[in-house]
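Here chain A shows up in two complexes: once beside chain B, once beside chain C.
Right after this comes the complex of A and B.
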């Protein structure tokens, strides 16, 4: 079983690679486009994947940050993230993983409770952001003590009404 | 002109939106071009309607003429009705005479009038050997109610007829009988298919939906025929699951084809199956009686929505055959029982 490890490759020179994992391709694409519009100290690359494990590839650079995207309207997207988490090495969770939950704004459409993702993020000791990609508003969920990579700031910055 | 007929004219013309007034009146073809020119179409609608009703009175318009106008209006606004589909059949090996439209109409009218003394029946021929029939129901003692008619669209070269759903359901068996006998069939059966979009129902039932209008060039690479997902131009975004995405696209195209899907608003599944559970025990697992459950999928365009599910990542491909069989089987109402 292939497992993603944070330090199994050499870092690229002045590059940062983010991996977005989620079932809804259009959502990931939107997020990636927004991230790339931000100024970044390093050269930013975004990989989009439906789930883990990733297909084997020697050319893939080292992944610096994984964002798991859950759509609260879809139990399928939560299940997909839960299964993908098994393919990530434990050391990744020391500040290189984040969770993004979308769709909290439309309560009536939510089939996944917010507390479910809160508990999930807590279990994996990783930060959680609530976001609504259709509406330009963002609430930042709890998670003290996590790293702030450049790319991570970009995720926050794309929604100007957002505070940490 | 009879007061009730004048009122019927007034209410029918009032229904017509101002923007369509000229088009519909021309399609009705009762008032001549010259007569229409004498009317001021720029005045307030109530006054316009009064002028038009006066014109009709002068021309001695009958109840039937008003009914034909009603048919024309409905033909332009067919989406306002919900249509059911009926299929007729003959005994095997029976000789089929050449269809005679006039004889059909005479026979249909005779059967209904014999059963119900008061009923208004009007016909309007349409293209593809079809006829639109408007029926206003009355009873032995009551005059027909012109404001709750039923419409039937019968394609004479086929065993299919489409009827607008009506709340007055008691007359439907009689209607079915009249259709069957007049068209020289033996049996009529209601299909489990219903929608507002008459043209889509036609396409499903006559199997006309799977025609592509553009030339099918099989050498075009698959990603150029993607279902609306933009080809990613930014080289900094890498899709890890490109192969899987292409597989999903391919499976979706194979199931749904390249053509636009016929339009339905819902699919309904009635389950009468026993509860099956992986967990041992549990309250529902011991039940002998089937669990009754109704699942309804609604959408402004159900089949296009189903087609978009797998590429959007909301469902796995291939989709359940219960969903994909809808146009093939010509059904959007299903009853599922244990085998």
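Right after this comes the complex of A and C.
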């Protein structure tokens, strides 16, 4: 079982790689497309994964940032993220991991309580963003109601090599 | 991997208690540092709720009088506090509301074919429907049709019923002033047009606001656990869950029925703290159901949305519809609904 380590590969020249981990394929794809559309000073690569560990048969660049996407409407996505977290090396959590909780806008559809995700992010000492990826517009603010743009900006701001 | 991620709260709590002893005679700077440290270690604690029990006040409730509340489907609304509502003016309110409804019907706004225009409205107090003595009295509004023929029963048919109550609403009662009456939970049974009319009248007369109360999947799973935990002498209905699978083009519904005694046995094996239900127990109870289903059908129910829960105590639908089946736990069910209503108001 391979564990993701932050510094086991050499960094690519002027490249940043972000890994999005989550069960909701369509949402991840939308977020990745939105991120790639935005301007970035260096070259941005986005990898999508349903869960960790990643298959070791494929060569991939060094992962600079991991965003775990939890869908508040689905307990399954939370369990998936919790299990994937076991395959990430502890040193990754020094600023290279973030949590994205989607679906916060529609309270009536939530199966996962907000506090559960807050507690998870707190345990792993990583930032947590609330958003609603199903809504295409951009909302201001980091609490329930962000769209793609804000989530992307906040994600990039965490990353040291990207200046946009 | 997880060695650095040991629960931070325990060593921090120990450290802060040691610090507290050490800093009794501390300088203002040290005190401020300590309070900052305590603030940053904030982790939201998961809720614990009491299993509905037969409360003392419920002994006063006459089972006959509240029998009409059971076995009926109620639509839930949350209601902000009523301004200048008085229990002594119930007769006057009946007349005013009756006149309002008659006027609306004459306007042609809510005309139903073949409906009798002779409507009588009755406001009455529901005694005993409260959690603590502080809770305001619940009251009931009924629309009856006045029968034309003298030979028939004088009372007439009940066309619409709605009742307002507040069970254990301490958190809301503390925040409002004397002029307001807090009855955050409103339950309605009958035609939607009548509900809308009565809602309009109340909003105009008492400056309050109704909003439909939806119950999300998280709260439905809590209800399932709490109602399964209730001790019953005999079970009237199977325990049933309904999930909605988000897929296109057609919605897919999955229904899962369990024998109520099996559900209770499962709950008893999960349940640890007597008299209380914790988040972990609810999660474990639901996870057992999910994993059992997955083993047989290879479907992850946790990826779907829980839409309906039905037990021998009560059944609830995510759209805010509830049916209470057991008179013994009526107050307990209403207490949780009141909590949800108060949460929606705030």
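Odds and ends about this structure:
In this text, the second predicted complex is superposed on the first by the 134 of 164 C-alpha atoms of A that agree within 3 Å, B and C clash if a C-alpha of one lies under 4 Å from a C-alpha of the other, contacts with A are read in each partner's own complex, and residues count from 1 in each chain.
The definition used in the following text is that a contact is a pair of C-beta atoms (placed from the backbone, for glycine too) under 8 Å apart; a residue touches a chain by one contact, two chains touch by 3 or more.
Bear in mind that the values here come from a model prediction, so they are computed numbers and not experimental data.
The superposed arrangement places chain B and chain C in clashing positions on chain A. In the superposition on chain A, A:123 makes contact with chain C only, while chain B stays out of contact range. By the touch criterion defined above, A:3 reaches chain C but does not reach chain B. In the superposition on chain A, contact is made by A:54 with chain B only, not with chain C. Using the contact criterion defined above for the overlaid structures, shared-chain residue A:76 touches chain B and also reaches chain C.
Within the superposed three-chain model, A:45 lies in touch with chain B and out of touch with chain C [touch as defined at top]. Of the two partner chains, chain C is the only one that A:108 touches; chain B does not reach it. Judged by the touch definition given at the top, the superposed model places A:23 against both chain B and chain C.
In the superposed pair of complexes, A:86 makes contact with chain C only, with no contact to chain B. By the touch criterion defined above, A:37 lies against neither chain B nor chain C after alignment on the C-alpha atoms of chain A. Superposed model on chain A: among 202-210, 256-264 or 328-336, the stretch of chain C in collision with chain B is 256-264, the rest showing no clash.
23, 74, 76-77 are the residues of chain A that lie in the contact sets of both chain B and chain C, per the superposition on chain A. On chain B, the positions that touch chain A within their shared complex are 229-230, 232, 234, 236-241, 243-245, 311-315. For chain A in complex with chain B, the residues that touch the partner chain are 19, 22-26, 29, 32-33, 36, 43-51, 54-55, 74, 76-77.
In the complex of the two chains, the chain A residues touching chain C come out as 3, 23, 73-77, 79, 86, 88-90, 93, 107-113, 115-116, 118-119, 122-124.
Looking at the complex, you find that chain C touches chain A at residues 1-5, 7-8, 43-44, 46, 214-218, 221, 246, 279, 286, 290, 300, 302-306, 318.
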